[in-house]
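Please go over the structures that come below.
Presented sequentially are two complexes of subunit A, the first with subunit B as partner and the second with subunit C.
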Partner chain A sequence: MSTLFRYSPLLLLAAGWELIVRLGLVSQLALPPLSHVVLAWVDMIRNGELVSNGVSSLWRASAGLALAVAVGAALGIAMAWWRAANAALGPLVEMFYPMPKSALIPVTVLWLGFGDGSKILLIFLGCMLPVTLGAFNGARGCDEALVWSARCLGASHVRVLWDVVVPSALPEILNGVRTALALAFILLVSSELIVAREGLGYLIGYLGANGTYDAMFAVVLTVAFLGFAADRAYQALVERLLLWRE
Partner chain B sequence: MQGRKVERGGSQIVIEGIDHLYRPPRGRPVLALSDVSLEVRPREFLALLGPSGCGKSTLLYLIGGFLPTERGSILLDGVPISGPGPDRGIVFQHFALFPWKTVRANVRYGLEKMRLSRDERERRAQSFIDLVGLTGFEESYPSQLSGGMKQRTAIARTLAIDPKILLMDEPFGALDAQTRHLMQGELLGIWRRSPKTVIFVTHDVQEAVYLADRVAVMTARPGRIKTIVDIKLDKRDPGIAKSMAFIDAVDEVWELVRDEAIKAQEARVSP
Partner chain C sequence: MARVVRIDRNPKPHETQALHAIGWALARALPVVALALCWEALALSGAVTPFQLPRFSVVLARIWTDAVAGDLVLNAALTLYRALTGFAIAATFGIVLGIAMSRNLAVRWLFDPVVSVGFPMPKIAFLPVIMLWLGIYDLSKIAMVVLDAIFPVVTATLAAIAGVDRHLLWSARNMGASEHEVVWQIVLPAASPQIMTGLQVALPIALIVAVVAEMLMGGYGLGGAMVHASRFADSPGVFAGIVEIAIVGYVLIKAMMLVRRRLLIWHQESLAPSTV
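== the complex of A and B ==
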């Protein structure tokens, strides 16, 4: 009930959309009525177009993101723990962090072609640094007293890294991953729009070029919903992982 | 009162000519400890007492092996200290519990590093949780506990692996007065039942006199050992804190600390 109430502005927006098009306030060429969009969506689900392209997009996003989280977290923690790692990698991270990652789209295509590889590499490169930075800050903020306590309880210097530093850094790592999750969707769709033969971004571009705008809007809404659902699911996961934080 | 003359054979820890330079991330290095020598006997309860900033915690961290010894030496049973180890347990003022672990998992942590059967490990963790009066809170996270309960967990965690030496860094400093008083009594009880060497850092004169066999009074920065006072009180007497002998001992130690406390304050006012 309260959830329904919370999202009632969305229902209003949907009703307003349908209404202004039906009343002729906006041309149907610029904005097809929502009902047509829904019908187009149902069609594309039936003929499998949306599912097959969706699966290929989600595979690219999850593979790139998983790599980014694993490598990014390891790099960040290594930089916080070993001065040499920080000296070697710190300046690179600083340089590449503010760079707009979409600029790498042509580069990754040049290296890995039009298929999955270039998208996964792009998402990996684009999403890694927020995780690295989160892990670095989290690990650096690790309380020395916890490290010393673990050593006094018999943990080796290396063991402390896994037992104390990683869990200490976890909240910040998870924050970085949330940023990365949003970036993954942006990079996925923009790279598929520019050079791809399948995927949701490709589908948006293809349908738009063909003038089938109701279908194009259906895919845009699908992407928006996937992004929202992913963020929500992620937040629920984080809440469970950080149950100890009160 | 007694000087630094302790026969060498009877000492467990021998600290000789320690200097320690504290290097803040910004600003000039500060000499925190200067020519500190001290001997600690097996199974004694030694208090390190001094004004804040005198380096008493630093000295404790050097014994713990958390900080490198740059000048002088610290021998434990004749062997120089080269890092932290399970022979020296630590209890910090702010507990230093693993916040992502429950009370039980915190107490179990050190036991997991020992070669014990699962049953033995669980049994031992439970017995130390019971010992500190936390029965029923095994599955609570530190964030759900009061300060006193957190410190009980930390003490159980350290005692569980049975270290030879217990290093305590103002362990009751963050607790309210009543809890502190209770915990002091319990610590004495635990120590009497299974005596081990305790080095207890505090700036509270009453606490030092109440708990310790010997009180090492430190000077204001740079810290050195000013004197060591032998406390000859019967710690089993529950009314000891109200006795004349106790009050006299507190007075005696307070006289020694007062000048240093004033110096420490002046040093803080004029940079």
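== the complex of A and C ==
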């Protein structure tokens, strides 16, 4: 009940949308009524268009993100662990971090073409640095006394790295991954809007160019919902992973 | 107070200090130079075609040509104009909305679900809708920037105000401050470091979105120029665009950090050694 009350403004928004179009305050060309959008959504689910494009989009996003998390976390921890790695990579990270990653869209297309490869590479490159920075800050903030005690109890360097440094960097890494998750969706949709032959972003562009705006709105709302749902699911996962923390 | 601490920490004369700073800057530039050399070497080695990776010197020459012809300044100025206008609007409305939400229950009820659902959404998906409504010129590009940049500002403002020390509020009220005075003299200054962090998150987003919007809608601007170059298979143009956008982004972020240091000079954080 309290959830319903909390989210009721969204219902008001939906009702307002339907109403202003039905009353003719806004042209149906600019804003198709919500009911038509819902019908178009059901249609696209039925004929499989939304599902097949959605699957290919999600595959690109998850492959790119998984690569970014693996490589980014390893890099960040290495930078915190070895001074040499920090000296060599630090300035590069600092230089590339503020770079708007969307600038890489044309280049990844130049290298890997219109298909999955260019999107995965783009998402990997774009999402890696937030994870790296999180891992670096987390590992650097690791309590030195813990490292000393582990060494003192006879743990090897590798064991210390795996059993002490990585877990204590975990909260910050997970925080970086959350930023990366949001970025992955932004990069996915914008790269698919600009150049692609399949995927949700492509579908939005295609339907928009066709003038079938009710279907386009349906896909836009689907993408928005997927981004929202991914973030919520991720937060639930993080809570479970960090249960050991006080 | 700040001044005393600083003098104690740096007892060296100015010349040594300056030399030290220059040496440090050179050492930090080394990996960047190495990367540029690797790029040049890889392109020269013939392992990749000039189309896939033009030589770095060719790209630099291209940037120089653009700069001399005035295209670079025009495109960069347009991109910055769109990104910064959108950012300024998002910052103003975001902070105002954040304050309103934290002080008024009705406003909070109305906007809380919109913000919490809207924040994690990929707003860029709405770009075709914005294009449909507002056309393809500056208005729609700036609107897109505002739509994307406003959420981090609102959430940071909300969190910042929620974290203001209650004792400060109580003492101010106790001494007879009006609500207006409490907001302007207690809440906003106490919340400003975290609001600033929200702005620092929003600024790169504004630039990313401005570039994507230009790529999709075409026309002048750094993003538009890049897409134009890639349509004509002009790969030095594409790489020149990347370098230009990277430099603009870097300068913008550094400028924002300087602004933060200036504005928050009274705060403890400016006394601590900077970590980044």
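The definition used in the following text is that the second predicted complex is superposed on the first by the 246 of 246 C-alpha atoms of A that agree within 3 Å, B and C clash if a C-alpha of one lies under 4 Å from a C-alpha of the other, contacts with A are read in each partner's own complex, and residues count from 1 in each chain.
In the analysis below, contacts are C-beta pairs under 8 Å (C-beta built on N, C-alpha and C of every residue); 3 or more make two chains touch, one makes a residue touch a chain.
It should be emphasised that the depicted structure is a prediction, and the values quoted were computed from it without experimental measurement.
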{"item": "Partners on subunit A (subunit B, subunit C) - clash or fit", "value": "fit"}
{"item": "Subunit B versus subunit C as contact partner of A:Glu94, first or second or both or neither", "value": "second"}
{"item": "First, second, both or neither for A:Arg245, with subunit B first and subunit C second", "value": "first"}
{"item": "Partner chain in contact with A:Val158 - subunit B first, subunit C second, else both or neither", "value": "neither"}
{"item": "Which superposed partner A:Ala84 touches (first subunit B, second subunit C, both, neither)", "value": "neither"}
{"item": "Partner chain in contact with A:Asp143 - subunit B first, subunit C second, else both or neither", "value": "first"}
{"item": "Computed vertex angle (subunit A) for partners subunit B and subunit C, CA, steps of 10°", "value": "80"}
{"item": "Contacts of A:Leu170 with subunit B and subunit C, given as first, second, both or neither", "value": "first"}
{"item": "Contacts of A:Ala224 with subunit B and subunit C, given as first, second, both or neither", "value": "second"}
{"item": "In the superposition, subunit B vs subunit C on subunit A residues touched", "value": "C"}
{"item": "After fitting on chain A: smallest Cα gap, subunit B-subunit C, Å", "value": "6"}
{"item": "Subunit A to subunit C touching residues, read off their complex", "value": "6-10, 13, 30, 87-92, 94-107, 109-111, 182, 185-186, 188-190, 193-194, 200-201, 204-205, 208, 213, 216-217, 219-220, 223-225, 227-228, 230-232"}
{"item": "Complex interface listing, subunit C residues touching subunit A", "value": "27-32, 35, 51-52, 109-114, 117, 119-129, 131-133, 204, 207-208, 211-212, 215-216, 222-223, 226-227, 229-230, 235, 238-239, 241-242, 245-246, 249-250, 252-254, 276"}
{"item": "Touching residues on subunit A, where the partner in the complex is subunit B", "value": "143-146, 148-155, 163-164, 167, 170, 243-246"}
{"item": "Subunit A partner contacts - residues on subunit B that touch it in the complex", "value": "61, 64-66, 83-86, 88-90, 92, 94, 96, 98-101, 109-110, 113-114, 141-144, 154, 157-158, 161, 163"}
